[in-house]
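The next part holds the structures, each set out as structure tokens.
After this come two complexes, each holding chain A, first together with chain B and then together with chain C.
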Partner chain A sequence: MAQRALSETRTAEDQAFARSLAARHFRGAVWERFFQAAIVIGIVALLALMFNTVNRIVGLVAVQEAIHPSEISDVPLEQLSAEQLAAILTERLPSGGRVLVRDGLLGGADYYNANNTLTMGQFLPDVTLPESVASKKLSELQPEDTQALFVAAMDKNTLLDEVYDQVVGRDVVGSWPLTASLFNRADIEAEIAADHPNATLQWNSWLDLQFLVDSMSNTPADTGIRTAFLGTIWVLLLTLLVSFPLGVGTALYLEEYSSGNNWLERFIETNIRNLAGVPSIIYGLLGLAIFVRTLESITQGRTVISAALTMALLILPVIIINAQEALRAVPPSIREASFGLGATKWQTIWNQVLPAAMPGILTGTILGMSRAIGETAPLIIIGAATFIVKDPNSPVSKFTVIPIQIYNWAKQPGGQYQDIAAAGIVLLLIVLLLFNATAIILRQRFRRSLSA
Partner chain B sequence: MQSELQIGRKSEVIAKALVNDADGSPRIEKRARLFDDFIRYVLLFCGIVSIFTTLGIVVVLGRESLLLFSTLDAQGQPVVTLGEFFFSTSWQPAGLKFGILPLLESTLMTSFVAMLVALPLGLGAAIYLSEYASPRVRGSLKPILEILAGIPTVVYGYFAVTFMTPLLQGVFGRDTVQFYNTASAGLVMGIMILPTIASMSEDALSAVPRNLREASYGLSATKFETISKVILPAALSGIVAAAIVGISRAVGETMIVALAAGAGPNWTMPPNFFVAAETITGHIARISGGDLSYNSVDYDSLFALGFALFIFTLGLNLLSRYITNRFREAYQ
Partner chain C sequence: MTTTNGATAIDLKSVKVFYNDKLAVDDVNIPIYHNKITAFIGPSGCGKSTVLRSINRMNDLIPGARVEGQVLYHNKNLYGDNVDPVEVRRRIGMVFQKPNPFPKSIYDNVAYGPRLLGIRDRRTLDEIVERSIKGAYLWDEVKDDLKKSGLALSGGQQQRLCIARTIAVEPDVILMDEPASALDPIATQAIEELMRELVKQYTIVIVTHNMQQAQRVSDYTAFFSIRKAEETGGQERRWGVLGEYAPTDQLFSNPKAEETERYIRGEFG
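Let's look at the complex of A and B:
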């Protein structure tokens, strides 16, 4: 009797337990789905970002021309020589191309603001001009002079762009991303027919060779990234030159010389960890005050070297922390063996420790550099030029870099600027990918050599 | 002739040195020691550069901020007092009004939205990677997070303007959502911070020793109960530290807000996430990008903003490290 009651309660308990167990498992399964969803959302965001960008670098554009190129020349314009293009410009433009000289070559109103009594030779010191042209002022230029000036100061691609812009009046009046171009063509055609009856639709890739080799232009369709690409290379090289020795030096001091219980050494260590967390925009303010203003006599203000020094300070903590880890991974036995052979501390470091740690140090340096490639905010603060056509050619050149161009384009209203920004982004991501691939290869070789 | 002579001399020196060395003469050893000391100081100098960087930041930001607070207006009154700087709700450099609140409000708004996205998703991703995913799945998922972490912020800014903003406008209507708004910037910033929180939290979770899990299973807890009642509490300090680092990154982030959040300080009460507003960083970027004259109140005000930002992020980072060190559960 009593036993039966006991077993009955037990069944009741068992049932309750079984029910709650099912509920507990269910709750666990729901949460597992949530955790899974979190990572899926991350992946989806990455895919959306990639798709959104790539979608814009190829697509239909609507091109409108004021006059047909065949009215200017019998052969296609692309086949004309630089001299012929310059002749067309001089002949077809109002006041013999002088306006183009003023706005395109001399920087527009700057010419008058500076001093309009200066000669061409004084204004364009980097261009080798015929003596007859170099000695003249803008107001004295004859049509044959502007023609010679165009040939001397512009390359053939620029001339061709100018002919299309100024003479043919070619204008991109609309652009569509790839998906719209493929699946919505009818709507696009209807829109074009309604708004721009003279325009023709054609396929266009915003990321092409022209984009890579052209310098900047006011029209998004003609603009290129060469100046910014070269600027990025200049800034990166100088950054590397400063931050690599300083970073590795600091890491060596902290790992090989520091005893770890000296206040100065502890302070350096803590300080580096803190610097790694300082927002990049603060480095920009530091660079603006120190390198651009205080050291203006050396750096010439807003130049490549100011940018590189600022970047070097910014990526220094990354390089130091990674180099420290690489040094720590070198087994002490290597040092002891070297000491045992009578080597001094520095001989040991230079001949044994550094070579062993080098792949790790390089990996960290590449990580730091890839941060420097994409970093935009500090360079905006120290004032990269927004519009320059001259390639940087020395540490004290004015400059711009790829991410700054992306920022400037993305800021502009209008679809074509978004397209050209997308082209810049794809280029930037490709450069970053190459850098990181190098880092991964180095890391793997490092692992292999350690295990061997 | 000359060079031959030199080579001859050099080898003589080396030979001598070797002989001396074998004799146990201290000569070359001393020279090497001197060189070693010299190198030591060169390396110490490298280390001190980083201290100078911090000093430079404090001195530069501090000095220009002091200049702002000591500038007098036409009536001989200070342009802005410390009280006005922190508690007035209007930031208009042209009208000599420097109240940080509107800028701070939008900074906190974008950071809030970002953390709303990044914290649950980052922590969720970390739990999935560390507790559920097989090593193979984890090996292929982690690089994706690393790619997300490596994308430059200007690219995220572009993503916010060209994708997130149109998406929000599509969902809530163009009348509600302005083209520039803090929600779009915050959401994308959340995606940007997600990998940071995920990887820091994952480190904290995988540092929890196996025997804690096994003990929990032994008491017949389910997997989720083990995670929520045993592992998360044990890893809490690391997770909190990750969240704080995330906040600090959100507060200091510039490019996304410069592109997507809008220009012009805007004090809205109650906060409206769908209207344009300028954050501290966005304001610094916009003003310094133009032709800023060096000895102006505008210029000084940027450094005052920078100083506030520096102190704020430094405080957060120090707090994060304090929590990690102080509350770390030491096992074994």
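Let's look at the complex of A and C:
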């Protein structure tokens, strides 16, 4: 050992030193192992999560049709005209197709119940309807009316999809995770043969393009996440639009303009720090009381803008605190140089301080947005829709977001709902990664422009 | 070196500086002569930088700093009611101890001051940038690379860039706060030669720790020293005062105050 070579005399003192040195090295090594173990545990947990989700998304499904297409039409369904498809729907569906009108066109049971008194023309102002149809309420529709309504409101492909979904009734009667599909295929086939003799087994990935572009449906196999995906994008963009200028503005005022000496400013600073730790559900209650109820005339209630304002409040402390740290980290020499050349305070802030602080400000914004993207509790409180087929298209649209959709699916009984929830989780993670990647690239660009 | 009094560019009259109501520098009276280099020397903590920063109101940026007395510039008190510190700093530029170029290109560093004044015309800016960098004797080293970051230059080049940046707004007076203390001897020599050139057009005030440097470059020298007093409670209170002010030759060859002589001989520092 090294210490033996150095201490030739081997006095008692040398020996004590050698012993204590070994003990000191040992203590360090123990801690090093501990830190390594922490990383290994983290990686294992992450891999387990990824395996669990992917395992759910890809696998075998058993598909069964209620009626074979040949029983409905002599020619393949694809060759029928829109009128013929609409006639099939009216003929084969319960209540002469009125249920499909309610759920497919009018936005579901809630919408219908609340607006039972409106006529078709009032419900669907964008669709050109024959006068005989437009003046009727839902309960007054005759089969020929629903048929005309279907032709007017849906194109041929939508009608075809509806025939397949509602009449032919392609139904997924069983699904199996990836591991079972790969290693237990014989058992699955035996189970299918016993329970669903007409069903066929096929490979399926729940996360596919169809999942992205389809809107919600009552059957898990047909459902998609488009509405929730667009809802998330809307809420996030509006949140960013509100919280970034407000947060950076607050930080600028507190750091650059206020003296920080009077009790009010100290009170504000302390409370911004406290607010960063307030549970998100409390922000939900605040949003419900202020944005949904009090300001209903402006926000129209449970809408995208109410959600975005609540989220903005939620992430403001994160943005403010990080922006303050970033502004404080700007070297005083840069400010002095700017002031020394005769710059005004604003010129110094705009030309020197803000660009230098921008990487840090963006880091805070990334943190805030990452939090907003996954928040569910406050949005449940302010009342994101649980079932919605209409895409959000303005700040006052009804909406839902991906995490809420995942939650709704995950709490449903039945295996396939768990599968699409897993698909939703992966999509949420992808959106999160894309968002963060954009911000990191922006930050790097700022940083590069600042360094040599 | 002339010892006759030329026109004064700046007149410090009974200047006192306080930080949070604690006296930092007491009663400084110095006339600073036009187109001369005036050096401030003295031990650490004597307040020479504080006085320098009170000349272009950089002390305003420090919370709790307060200046009493008068700093006369063209017979106008810079601490008068209707004086805008932004204008003061545009007339009285400053070069700092540590080279502090902006994290921008060489061109943008020099063009920063003129742009603050609202000059946008590309050709005018090009002219100002070239003239200023030439004025700081940096042109031959950077003329092909004006787009390069100012931070990519060596320490001495950075400091000359900072000087070019300062003269780009054509101030009357340039304050230099130990401009060569972070530089190697060769870069220091370049800065000193540059100062001798610049003084033909500008009035220069320099704070330095280096007595040889003061001797080499300055025309007038102000020596600052420290006063101490025991306060109630056993705490020591220290503040700076002007020890002696004279033409440089005279101050170094024939100091009037005994304290100045001891400082010059290196007995304390």
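Throughout what follows, the second predicted complex is superposed on the first by the 315 of 452 C-alpha atoms of A that agree within 3 Å, B and C clash if a C-alpha of one lies under 4 Å from a C-alpha of the other, contacts with A are read in each partner's own complex, and residues count from 1 in each chain.
One rule holds in what follows: a contact is a pair of C-beta atoms (placed from the backbone, for glycine too) under 8 Å apart; a residue touches a chain by one contact, two chains touch by 3 or more.
Source: prediction; values computed, not measured.
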{"item": "Superposed partners chain B and chain C on chain A - clash or fit", "value": "fit"}
{"item": "Partner chain(s) touched by A:Thr128 [first = chain B, second = chain C, both, neither]", "value": "neither"}
{"item": "Contacts of A:Ala356 with chain B and chain C, given as first, second, both or neither", "value": "second"}
{"item": "Which of chain B and chain C A:Gln347 touches, first, second, both or neither", "value": "both"}
{"item": "First, second, both or neither for A:Gln15, with chain B first and chain C second", "value": "neither"}
{"item": "First (chain B), second (chain C), both or neither touched by A:Ala410", "value": "first"}
{"item": "Which superposed partner A:Glu336 touches (first chain B, second chain C, both, neither)", "value": "second"}
{"item": "Between chain B and chain C, more extensive residue contact with chain A", "value": "B"}
{"item": "Smallest separation in angstrom, by C-alpha atoms, between chain B and chain C in the superposition", "value": "7"}
{"item": "Residues on chain A lying within both footprints (that of chain B and that of chain C)", "value": "344, 347"}
{"item": "Contact footprint of chain B on chain A as seen in their complex", "value": "24-25, 27-28, 31-32, 34-39, 41-43, 45-46, 48-49, 52-53, 56, 245-250, 252-254, 257, 265, 267-268, 271-275, 277-286, 288-290, 293, 313, 316-317, 320, 344-347, 370, 373-377, 380-381, 383, 386, 403, 406-407, 410-411, 418, 421-422, 425, 428-429, 432, 436"}
{"item": "Residue ranges of chain A in contact with chain C within the complex", "value": "259, 261, 331, 333-344, 347, 351-352, 355-356, 449-452"}
{"item": "Residues of chain B defined as touching chain A within the complex", "value": "32-33, 35-36, 39-40, 42-51, 53-54, 56-57, 60-61, 64, 120-125, 127-129, 131-132, 141, 144-145, 147-148, 150-159, 161-163, 191, 194-195, 198, 222-225, 227-228, 245, 248-249, 251-255, 258-259, 281, 284-285, 288-289, 294, 302-303, 306, 309-310, 313-314, 316-318, 321"}
{"item": "Chain A contact footprint on chain C (complex, rising order)", "value": "56, 58, 61, 63, 86-87, 89-91, 93-94, 96, 98, 100-103, 112-113, 116-117, 149, 151-152, 162, 165-166, 169"}
